[in-house]
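In structure tokens below, several structures.
Two complexes, one shared chain (chain A), two partners (chain B, chain C).
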Partner chain A sequence: MSFEKIAELIAENKDMNVADITMETTFEDMELDSLDVIEVVMSIEEAFGITLEIEDSVKTVADLVKLVDSLVQ
Partner chain B sequence: MKTIITELLGIEYPILQGGMAWVANASLAGAVSNAGGLGIIGAANAPVEVVREEIRKVRELTDKPFGVNIMLMSPFVDDIAKLVIDEKIKVVTTGAGLPSKYMKDWIEAGIIVIPVVPSCGMAKMVQRSGASAVIAEGGEAGGHIGDLNTMSLVPQVRDAVDIPVIAAGGIADGRGIAAAFMLGASAVQMGTRFLVANECTIHRTYKDKILKSKDIDTMTTGRKLGHPVRALKSPFTRAFQKNENDTAKTLEELEAFGAGALRKAVLEGDEKDGCFMAGQSCGLVKKEQTAVEIIQELMKETIDAFNGGLQWVK
Partner chain C sequence: MSFRIIGTGRAHPEFVLNNEMLSEIIDTDNEWIVSRTGINTRYVSTHETITELSTKAAQRALEKAGLTGKDLDLILCSTMKGDYACPSLACLVQKDIDANCPAVDLNAACSGFLYALDQADAYIASGKAETVLVVGAEMMTRHLDWTDRGTCVLFGDGAGAVVLKKGDGLKSIKITAKGDDQLLVIGNTFCPSPYGKQPELDPQFRMKGGEVFKFAVTSVLRDVKEVMKAAGVKVEDVKMLIPHQANLRVFQAAKDKLGFTDEQLAMGIDHYGNTSSASIPLLMDELMEEGKLEAGDIIVLTAFGGGLTTGACVIKL
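Let's look at the complex of A and B:
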């Protein structure tokens, strides 16, 4: 499941409790600024072996999971 | 002075002039390029016709290389991204975001892309997208700034990527340039020093304020908006700070309060409502000179600083 892995990567990167991250959590909730998002994206790319193009429409963990799932086939 | 950057860009000295909004026009960029540095036109929020006109003016002033800085939050960014291809611009620097989605087209068009980066993650990201170098700009700089300072940022970016690093933020003399090289940079970008170049066309009042300014005369505003700006302390910055601390003010109101303030400073010298952006190095900027004089002096000072590197060691 990409959600668990992504939540874990965000939690590890941003020193958060993984239990606080749900599909509905937004980047804003987690207080991730644009530079934090880059760090998270890079760790996801490495873990999944993919390249992500993050658009402004990606705002929640669910958006991120959807994007990753579309690339990991 | 030859470095990997002077060879990459085909310039004589490892000095880039920052693509400052409203300030970095054809007059300044042409003069810096003629002086052997890399002059850069700041596209900022300007529409495509205005930027095209400046590019053509630079070409009348010089046949040396010059660049265009693209501000990625501009409402015209898509058009400007195309313009630099149509106009066969040699060097593009970018600010205020990740330029990834434009980079493929630029690189295919043979453009040398050098993004301004405030962190190692972003430096790695743009390296992957094909950047030829990065400008690691510390928070001492004027205008829109990141959080890390030049002293910490440059060596970390140097270690994070394999492409050349250009240091920016807080550099206004040869000692700063020599120090930047020690941190791992192979060129520098400077803004504040060029504000008082004879060829810089900003309002007389703006130049006088820079010449008079001391070390403690800048401040940052706009942290609450997520994009802090460094400028000279003024009635405008104090009023902005007051609004920022006023919890009744919405972010939209705050944005609206800042709109147009730089233009008022640059074009009108408006001491009340103008935002006179400047870096912390403003206190080092003491005299007006031509771009040639500035660059010659900087290079002499740099060599002196290198040669005197051990002067404080017993």
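Let's look at the complex of A and C:
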């Protein structure tokens, strides 16, 4: 569930095709710099009603999904 | 509300520091800086004092208002640090423009200009003053760690001034504060005392960039919506949104979410960098001079910064 929503939010925020985003996709693959990631994080926070603290270890969509899931439950 | 703007002025140092020059002293490049900040060049003080820049900006604003220092009832200088801890920057400006009214500094970091406008509003609305000089002046390059490529590329020096007169230009204003000593800090330095055992603070600018970015976008969205609602103005009524010039990406994100067009977004960061509380009055004067803003236009100002502080207002020029 959260993967689909997160992929949608990334695609919407950064004008990408949602089909190009998989769990394995990295921020680097998507050419997202640190500020792009923050913008995505802000839209995720709004959509899920949570507060995220992004650490350097979060590098892929899967990392982001895991982080969101741990906060949503 | 209480005042209208009757004169604007600005001053900046002579020396222009570009991104290529920065790449000679730290590991960075033009593309990195431009894509993440929108900054191409910034003015850096080499010999100018903050008092000189403030006085110059104030004199220009007074000239445009057709007034002299003697006509002022109050001088408010927004700055994090003048040339001296004492006397205040405002007192030195008062002396140099030959005024004889009360003069005081205030510090709300990058939101300082909005805080000063709010104080001017209170003075004028209460009848304690009719004509107020507000100066935003900062020498950010005195507070930087020139080995930290994440922050030293961001800032520039400058001063902007406005002369305010009793009137009905200000349509709405709000300021906020939320005390925090983690996200954005510059430590003070003090003379050693044989009795003082407090730990020394780092005098260089430190920032948690990602968190500050979030704070900035969130507060701009909240404050701008609120002051526009209070003033009863819609996006299409606004000639220009003038955000504190901290980072192009912050105000592009905010602009898109608020529904403003590119033409409505005031841009000065490309050639000034972040000049803290000087950024809005610097840019306002430039836009007036270029004819991009004129009497009757509605503008929205919004700022955010260390403190954490924020401020926003709607003004009819």
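The rule is short, and it goes like this: the second predicted complex is superposed on the first by the 73 of 73 C-alpha atoms of A that agree within 3 Å, B and C clash if a C-alpha of one lies under 4 Å from a C-alpha of the other, contacts with A are read in each partner's own complex, and residues count from 1 in each chain.
One rule holds for everything that comes next: a contact is a pair of C-beta atoms (placed from the backbone, for glycine too) under 8 Å apart; a residue touches a chain by one contact, two chains touch by 3 or more.
As the structure is a computational prediction, the values presented were derived from the model and not from experiment.
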Scan A:63 for contacts with chain B and chain C and give back first, second, both or neither.
neither
On the A-aligned overlay, A:42 touches which partner chain: chain B = first, chain C = second, or both, or neither?
both
Would you sort A:8 into first (chain B), second (chain C), both or neither based on which partner it touches?
neither
Given the touch rule stated above, what does A:33 touch, chain B (first), chain C (second), both, or neither?
both
Residue overlap on chain A between the chain B interface and the chain C interface 33-35, 38-39, 41-42, 54
Contact residues on chain A for chain C in the complex?
33-35, 37-39, 41-42, 54
Given the complex, residues on chain C that touch chain A span 35-36, 209-210, 213-214, 217-218, 247, 249, 253
As the complex stands, chain A meets chain B at residues 33-35, 38-39, 41-42, 53-54
Chain B residues touching chain A in their complex are 97-98, 100-101, 118-119, 121-122, 124-125, 146, 226
